[in-house]
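The following blocks contain the structures, represented as structure tokens.
Look at the two complexes coming up: chain A is in both, with chain B in one and chain C in the other.
On to the complex of A and B.
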């Protein structure tokens, strides 16, 4: 270590390498967490159900979303991105997923929540297939880390059905 | 710094950084605070810099034995031919 600059450089690179290592360890520690989230989605009301002039169906819903996602948070969690998607099958598409609501949970304290809202994003079909169609409302979550790997999972609630007639 | 000092400085740097990293990770994981881990580690890096980078006296406890001037005089530097030319002296960094 011949000079000031040489030592400073060696120290800086070694320090950064070790920093990368402890961040990798922090990310690996997330695998030790076994989360047990719960959620319930209720459709309070179908506000309206119409077909556009170009032939696409659209639905407006009022939803009641209750969830407890506190067990998803670890020391290495920055935020949890959560969204509700309506999923159904049509003759043209084997799977349609339409996001109707999303939110960002910045901390564990906010992860146990209840929200009543109309759909944040429009539920429009690619075509006129929704009358009488059965669909699922799936709650998806993405656990975004401070450093490292992101975990994503979902909870499916099935048994919903669009009305038979437009209203 | 002398040779022993350089070796000491390098060892100290590696040991201190690894030790602070271990302490930082253990503390951060135990109390569940990522920020605390980063703060402890950053403090450790600053402390290590202060201890190992500047040329402290304790790094110079085995100073190099340069030749006596008598030895140097026995082998004089060749004199320049032109009296008007300037001779450059190289200074080496320790």
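On to the complex of A and C.
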């Protein structure tokens, strides 16, 4: 009843139970945080806009992204993955989401940032529907915790439009 | 001489009873593990509810040896989600982030492109030859939760099978020799 093996087993089980409980509580405590992030995305320039021989439109943009995501960070946050996606609807596709820029914010000190960049990934449509097309630029974030549940949300900015002519 | 026979009989009966209880308790351990796994499969709707991260392609978010909990719902796949997918002709599933989504108007089918956070380029090089997009049937689930380090147990056991056999042997010995 009180052999070494039994005591070791009891101690290990107890330690693991407490550890699991603490992890669960740390993850649950994230729910108490109600973040209020802000972001502003401007298109500084349409660098070029053309149709590929296979009929797909491709556009190159220069963006100015200003964001304050400091309120997303809690004590259980390892990092925040942030990206900007161009989102639009075409006659064939009910939704197109194309990531144009992304970044990893490792700490709260870096969560208030400003960046000017051309699109990191190619913005290619499935087809040639981009001329004069309205689109949204959405800032998405994905909060990756030290342990537990992951959170994601977004800020939509609408009212952008691709050029009417190729250039 | 009768009492010797009686004692032998009683010892024998005790041993059989003990053997049976040990077999039952061993069976309980194995079946309860199976029950938990199958229950997780039902709750999450994913054929493998828990995966171990094997590569560093999602660092610094997910490191080798971390555990991910998957969920497979009817919800459509959207950019930014971390999905686990299987490529035809590849045995090991990959955990990467969705960066492009094109959802068809008429059929609702999706074309998805993924990329590892720590990789320079997108995943087209990892896909099957000539494959440009992932479809719904490639995707096994999306990651919803995260637990660090726990996966090292399975990594060590698959890479050093000796440790696995020693562990199983020791546990079996413990169960057999333990008395209530």
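In this section, the second predicted complex is superposed on the first by the 166 of 167 C-alpha atoms of A that agree within 3 Å, B and C clash if a C-alpha of one lies under 4 Å from a C-alpha of the other, contacts with A are read in each partner's own complex, and residues count from 1 in each chain.
Convention: a contact is a pair of C-beta atoms (placed from the backbone, for glycine too) under 8 Å apart; a residue touches a chain by one contact, two chains touch by 3 or more.
Just so you know, these numbers come straight off a predicted model, no measurement behind them.
Asks: Evaluate whether chain B and chain C can sit on chain A together after superposition, giving fit or clash.
Replies: By the criteria stated at the top, chain C and chain B fit after superposition, with no clash.
Asks: Given the touch rule stated above, what does A:25 touch, chain B (first), chain C (second), both, or neither?
Replies: A:25 sits against chain B, while chain C stays out of touch.
Asks: Just to be sure I read the superposition right, which of the two partners does A:159 touch: chain B = first, chain C = second, or both, or neither?
Replies: neither
Asks: Once the structures are superposed on A, label A:91 by its partner contacts, choosing first (chain B), second (chain C), both or neither.
Replies: In the superposed model, A:91 contacts chain C only, not chain B.
Asks: Considering only the touch criterion stated at the top, classify A:146 as touching first (chain B), second (chain C), both, or neither.
Replies: A:146 sits against chain B and chain C alike.
Asks: Between chain B (first) and chain C (second), which, if any, makes contact with A:76: first, second, both or neither?
Replies: Only chain B; A:76 stays clear of chain C.
Asks: In degrees, to the nearest 10, note the angle that opens at the C-alpha centre of chain A toward the centres of chain B and chain C.
Replies: 40
Asks: Does the superposition put A:102 against chain B (first), chain C (second), both, or neither?
Replies: In the superposed model, A:102 contacts chain C only, not chain B.
Asks: Of the two partner chains, chain B (first) and chain C (second), which one does A:53 touch, if any: first, second, both, or neither?
Replies: neither
Asks: After superposing the two complexes on chain A, what is the shortest C-alpha distance between chain B and chain C, in Å?
Replies: It is 13 Å, taken between the nearest C-alpha atoms.
Asks: Could you tell me which stretches of chain A are touched by chain B in one complex and by chain C in the other?
Replies: Dual-contact residues (chain A): 146-147.
Asks: Chain B touches which residues of chain A in the complex?
Replies: Where chain A meets chain B, its residues are 1-4, 7-8, 10-11, 14-15, 18-19, 21-22, 25-26, 29, 74-76, 146-147.
Asks: Which chain B residues qualify as touching chain A in the complex?
Replies: Touching chain A from chain B are residues 1, 6, 9-10, 13-14, 17-18, 21, 24-25, 28-29, 32-34, 37, 41, 45, 48-49, 52-55, 93.
Asks: Give every residue of chain A touching chain C within the complex, in rising order.
Replies: Of all residues in chain A, those touching chain C are 5, 23, 27, 78-79, 81, 83, 85, 90-99, 102, 104, 106, 121, 126, 140, 142, 144-150, 152.
Asks: Spell out the part of chain C that touches chain A in their complex, as residue ranges.
Replies: 60-62, 76, 78-82, 97, 99-106, 108, 111, 117, 122, 143-148, 174
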